[in-house]
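Below are structures written as structure tokens.
Next, two complexes with subunit A in common: one pairs it with subunit B, the other with subunit C.
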Partner chain A sequence: MLKIIIPTIMLIPLTWLSKSNMVWINSTIYSLVISMVCLPLMNQFCDNSLNLSMLFFSDSLSTPLLMLTTWLLPLMIIASQYHMNKESLARKKLYITMMILLQIFLIMTFSATELIMFYILFEATLVPTLIIITRWGGQTERLNAGIYFLFYTLAGSLPLLVALVYTQTTLGSLNMLLIQYLAEPTVHIWGDSLLWLAFMLAFMVKMPLYGLHLWLPKAHVEAPIAGSMVLAAILLKLGGYGMLRITAMLNPTINFMMYPFMMLSLWGMVMTSSICLRQTDLKSLIAYSSVSHMALVIMAILIQTPWSFMGATALMVAHGLTSSLLFCLANSNYERTHSRTMILARGLQTILPLMTAWWLLASLTNLALPPSINLIGELFVTVSMFSWSNFSIILLGINIVITALYTLYMLITTQRGKYTYHIHNIKPSYTRENTLMLLHLAPLLLLMIKPKIILGTMY
Partner chain B sequence: MFRGALWLLAGRGCVGRGLSTRSGGSTPDWTEKVSEIKKKIQSALPGGSWDPLYDTSHLPPEHSDVVIVGGGVLGLSVAYWLKRLEKPRGAIKVLVVDRDHTYSQASTGLSVGGIRQQFSLPENIQLSLFSVDFLRNINVRAVKFPLVELGLHCSLYTLILTNIHTGTRVSLRQEGAKVCLMSPEQLQNKFPWINTDGVALASYGLEGEGWFDPWCLLQGLRRKVQSLGVLFCQGEVTRFSTSSSRMQTSSGNEVTMKRIHEVHVKMDHSLEYQPVECALVINAAGAWSGQVAELAGIGKGPPGTLEGTRLPVEPRKRYVYFWHCPEGPGLETPFMADTSGAYFRREGLGHNYVGGCSPTEEEEPDPGNLEVDHDFFQDKVWPHLAHRVPAFQSLKVRSAWAGYYDYNTFDQNGVVGPHPLVVNMYFATGFSGHGLQQAPAVGRAVAEMVLKGQFQTIDLSSLLFSRFYLGEKVEERNII
Partner chain C sequence: MNPLTLSLVLTTMISGTLIVMTSSHWFMTWVGFEMNMLAIIPLLTKEHNPRSTEAATKYFLTQATASMLLMMAAITNLLYTGHWSIMKLINPTASTMMTMALTMKLGLSPFHFWVPEVTQGIPLMSGLILLTWQKLAPLSVLYMIMPLINTNLLLTMSLMSIAIGGWGGLNQTQLRKIMAYSSIAHMGWMMAILTYNPTMTLLNLYLYIPMTITTFMLLMLSSATTTTSLSHMWNKLPLITMLILITMLSLGGLPPLTGFLPKWAIIQEMTKNNNILLPTLMTLLALLNLYFYTRITYTTSLTMFPTMNNMKIKWQFKNLKQTMQLPLMITISTLILPLAPIMMILE
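Right, the complex of A and B next:
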């Protein structure tokens, strides 16, 4: 793992020592190379994990997420190039440094063996994200958004710290590979419920769960494009990853604790999809759709069947790429018209047809069109939810329909129809933007061929 | 006993209050401090906008989808229709920027307030018809429109003409305006106080013409628009940040198209300004629209090209006089416009009248200030008035004021719609004296152009900016 972490750390001096006309190029290319270095990890030849050292390991759950993280850094740098144009050189370098720092923490989080190390880095990722949102965000509301983001996540994860320290003292070790064997199912005492809650709450806030999701639309809308991308693609998945790891050691006799969260997720999934239908702000629509998709992941993880774990993992990777792609598309709109309102920039198909092709593909993957990996994830989750409770198929079915509705609504409003007069002299698509969209879509489309690599540990 | 105790306490409280006020205001100071602290805490809590360094509540927001430059009746009308026609509700953020919240120099408040359909241009007739309909139904329109007492006196507008404009009559009938023509004898019969010397024909609006209180309309629109969520800001637009791109027309000529990204709004009496990022700018600045257009770079180019075509709107000063005449015409007095260009209307119920006259090109007053020239009344207006209405030979001018026309020097008709080169600036200005009466309809037209890409209710494509470059004058014959 050091062969990934050390080069990522060295990206920082690379950024600061580059000449002004080479900063973006250097950081993009070298981060792409690092993601290539990550690829051999995908070669998981046993059901167990690849134990690289005392501190780091990678198994078939953490590898796809790790791959997603390292893939996303060059994409974030490409996406930020335009709006950082007018800033001073030192600010640009600082921005890239924040992204790289975030990357380092995320890599270490996903490959951590000890749960305490996972926790420390989980919290550490908040700091660069907060700096990116509040310093480089768009409007005055970003301060509000930063506060919501920081305090929701912090408040949720403090109980986690207590629970982890307690488990360390009782079980003796918090090594992820060991705890699944060390933890024994005991007779249920009510303190176990509290422990369950303490473990799960941090990740629920991060996912986010429907009742605790208030920070997400704010943070996503106010963040600059790189902030939105990393938030949607990876930070949300930290919650899912954490839940998947922790459930291995939790006491199965307290599984009844999951019922309130199942209800919240089922209901919240339909609610947030419906909110999307009435949104006028493009970024806000994509943010709420993230909540809806993540609710599916929460439900899948809570019912703990092999199929649902496979679905959760696939959905996390697929949603990461799709959501990030949609944010990039929305940002390309925003850079041209300086407004996030959907109805003010309509009929783009006549003016930017290639961008429409990307919009179409992004929308199709967002609404889980077969045979995309989004569908695999959703389908596995739906099927396992049906076997858990027959009734849930109604709500899941409604959600799938509403997802299709709002995605197509977004596509048709921005692309079709008569174009508004004031957009007919917007700048044509840059090659950089087309590259960005293609780099998002290529993994999405290629993974259709071998989805086994993103199906996680239960395959 | 309980009540007695309460009464005692209340009494003591009163005494205590009396003592403190006598001592000179130490208590009010404390409550002010407390409310200030409360305000600070409230702004720092999540849910409120918070700037850690200083108070920015007087500044406009950093981002707004549409910025309307000019808060007079045209700007407010555009804001109202934008909010009314947007689907879904609350989609667009609109900001109205006006230099002067007291509207001391705005043409709206200083206007005489007449409304008529007797124009020669079909578009003008349609605009006025729509506006009259809007004004008539203003109180039953959307729920919660604050009661606007407009005082729409559906009295009649009589235009006394010296030659017959049959074209006018036909187009008026076609558009549905109810106008009838009267011969001098019929005119004498109907209004015995008129001297019909030199009159060939009179046209007399039967319905939908008259006058109303423009200040009421302005305040009503302002309150309604605020309730719909439009933000107001007092400030002056000093700069537009634009970006330009060179494009080629289909015939191979190169043009530079511009896009406005930001509007710099400068605060009153200070150097502080706020760059407002916007997608669209609507120029409804009235008499000063020409200056605003120049800020956006309209007219900077070699003359004779599209880039070099300025917005030909400039302020022209017009005087309005208020006089009292005890023997003057009574309650049935219409808004009368004479052959010589002088006009007057009844104001109130005490034999007071308001009127004036547009000066000829040679005697245009200097628009630098709003000082009234009383000699103008003596020399130019009174003789015509006295000739037409003999009772006006003895009148007493009570007061007078001056206001600006946003005068379109090209053809005295309004400019509506987008600019061909500065792509996201829309105009709603230049109506040269009939802007107030056409404001509701023009607002709707501009809102449709913004939201739907074309004019839908009334087709105003002949009033677009491009006519200045192409030289196609859209002339209106009945100008007051």
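Right, the complex of A and C next:
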């Protein structure tokens, strides 16, 4: 694993020592090279994991997320070039350094063996993200957004620290590979419920669960494009990844503790999708759609069937790429009109047809069109939810329809119809932007061919 | 201050603390405390204004009361056991009184009222000495009498201190008061673990002192005493704004910075002793502390030019202050979490 971590750390001196005209180029190219180095990790055993050292391991669950993380760094750097153009050289380098630092922590989080190391790095990802959101966000609301982001996540995860330390003293070890064997289901006492809550709330806040999702629209909307991308694509998946790892320890309490969270997720999924239909702010629409998709992931993880775990993993990877792509598309609108209001930049198909192609593909994957991997995720989750409870199909079906509704609403408002009268201000698409969209879409579409990679440990 | 006077005062202060640390007779402990207190009074009144005098008076009154309470506790112990030895403070009345005396010296709740007011009235350097060096003597005595302290009393006081340190600092814009409330909260953390595993108390102390020294050194570089004056720093010393950011986050106990290590160690020791609800409460209350540290970083570094700071640009003088020890202190205060296994040498 060091062959990925050390080069990523070395990206920081690379950034600071580059000449002013080579900063973006160097960091983008070398972070792409690092993501190529990450690819051999895909060579997994089907019933075991690659135990690379005492500290790091990778199995079929962490590898797709790790790939997503390393793939996303060059994309973030490409996306940030426009709005960082006017800043001084030191600030540009500082921005890239924050992204690289976040990348280092994320790589270490996804490959951590010990749960407390996972926890420390999970918390460590908050600091660079806070700095990216608060320092380089656009509006004054970003201060509030940063505080909400930091404190929601911390308040949820501090009980997790206590629970992890307690479990270590009772179980003896928190090595992820061992706990599935060490933890035995026992007779339930009510303190177990509190312990379960302590474990799960941290990840629920991160996902986010519907009642605890207040930080997400703020943070996603106020963050600059790189911040939005990394938040939507990876940081939410940290919650899902944590939940998937920890549920190995949580029987049998989970069998009844899950009901409140299932209810919140089922209802929240429909609620947040419905809110998307009434949004005027484009980024806010995409942020709420993230909450909706992640509610599906939460439900899938809570019911703990093999199909649902496969669906959760696939949905996490697919949603990561799709959501990040949508944010990049929204950002291309923002760069042109300097406003996030959807109706200000409508009818774009007549002016930017290639961008419309990307919008179309992004919207199609967002509404889980077959045979995209989004569909695989949602389908597996829906089927396993149906087997858990027949009635849930009603809400799930409603959600799928509303997802299609708001996605098409977003597509039609921005692309179709008559263009606005201030249209002459809109510059044509840069090659950089088209590259960015293609680099998002290519994995998304290619994974259709072999979805086994993203189906996780239960395949 | 006249160098001769300064050296005399500092020597007395240091030797007072050393006498406390090395004594085995309660009388010598009292002597050490008194020497320490009397010597620091001139340091508190370095600037001759009424506010400093008020601060020095408040400090003197509380510390003298605490010393008297300490003497009373020692004499109560003498009454019941017949000796002055420090290690054998067996009588519960004496032990409780001694704990209260020492926590009064430390500025633990409910005896915390003097800390913000005294810290506010004195110059930054004296504030630094007050919040770091002055904690050493009482903590060493508490460490020595540790087995005989009433755990319930200490845990109540520490939980109250963490709560008060958190909530008290929320409404402050004066940096010295913020550091005072930070000190109250950190003392609370240190006292919570004292009766379970005093090594962790010492660990917290060894990390709290560098972090506080770093913060004060950063503040002294631009003589900033209010949040407003810190927000001017982006113009004069832009690198320092970044260092304030990470030092504040470290003080707040955010992983992966050093400040997380004592909190983690304390939580671990408390859960090993089956005390689970209390560390949860303590960490959640520590979030209040983190809030006002983050708020400081907002005005200082996270809202830098050109996006927005309403602060006027000041005349830029050449910076002549020495920053020699600063890199070392910054490194200690923020980067030594990976060295956590070295804690083993404290065992």
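Here, the second predicted complex is superposed on the first by the 455 of 459 C-alpha atoms of A that agree within 3 Å, B and C clash if a C-alpha of one lies under 4 Å from a C-alpha of the other, contacts with A are read in each partner's own complex, and residues count from 1 in each chain.
Keep in mind that, in the parts below, contacts are C-beta pairs under 8 Å (C-beta built on N, C-alpha and C of every residue); 3 or more make two chains touch, one makes a residue touch a chain.
Quick caveat: nothing in here was measured; it's all calculated off a predicted structure.
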Ask   = Overlaying the two complexes on subunit A, which is it for subunit B and subunit C: clash or fit?
value = fit
Request  = With the two complexes superposed on chain A, say which partner A:341 touches: subunit B (first), subunit C (second), both, or neither.
outcome  = first
Inquiry  = Applying the document's definition of touch, where does A:21 land relative to subunit B and subunit C: first, second, both, or neither?
reply    = neither
Ask   = Once the shared chain is lined up, is A:431 touching subunit B (first), subunit C (second), both, or neither of them?
value = neither
Key: Partner chain in contact with A:166 - subunit B first, subunit C second, else both or neither   = second
Request  = Using the touch definition from the top, say if A:278 reaches subunit B (first), subunit C (second), both or neither.
outcome  = first
Query = Which angle, as a multiple of 10 degrees, do subunit B and subunit C span at the CA centre of subunit A?
reply = 90
Task = Quick one: classify A:135 as touching subunit B (first), subunit C (second), both or neither.
result = second
Ask   = Can A:123 be said to touch subunit B (first), subunit C (second), both, or neither?
value = second
Inquiry  = In the overlaid three-chain picture, which partner chain does A:390 touch, first (subunit B) or second (subunit C), both, or neither?
reply    = neither
Query = Thinking of the overlay built on chain A, is A:419 touched by subunit B (first), by subunit C (second), by both, or by neither?
reply = first
Task = Please state the minimum Cα-Cα separation between subunit B and subunit C in the superposed model, rounded to the nearest whole Å.
result = 5
Key: Shared contact residues on subunit A - subunit B and subunit C   = 140, 143, 147
Interfacial residue positions of subunit B with respect to subunit A in the complex = 46-52, 56, 61-63, 65, 86-88, 90-93, 245, 247, 257, 259, 261-262, 277-280, 418, 423-424, 426, 449-454
Task = Report the residues of subunit C in contact with subunit A in the complex, numbered from low to high.
result = 245, 249, 254-257, 260, 264, 267-268, 271-272, 276, 279-280, 283-284, 287, 290-291, 294, 298, 301-304, 307-308, 337
Message = Touching residues of subunit A toward subunit C in the complex: what are they?
response = 105, 119-121, 123-124, 126-127, 131, 134-136, 140, 143, 146-147, 150-151, 154-155, 158-159, 161-162, 165-166, 169, 198
Touch list for subunit A against partner subunit B, complex = 138-141, 143-144, 147-148, 278, 280, 337-339, 341-345, 347, 418-427
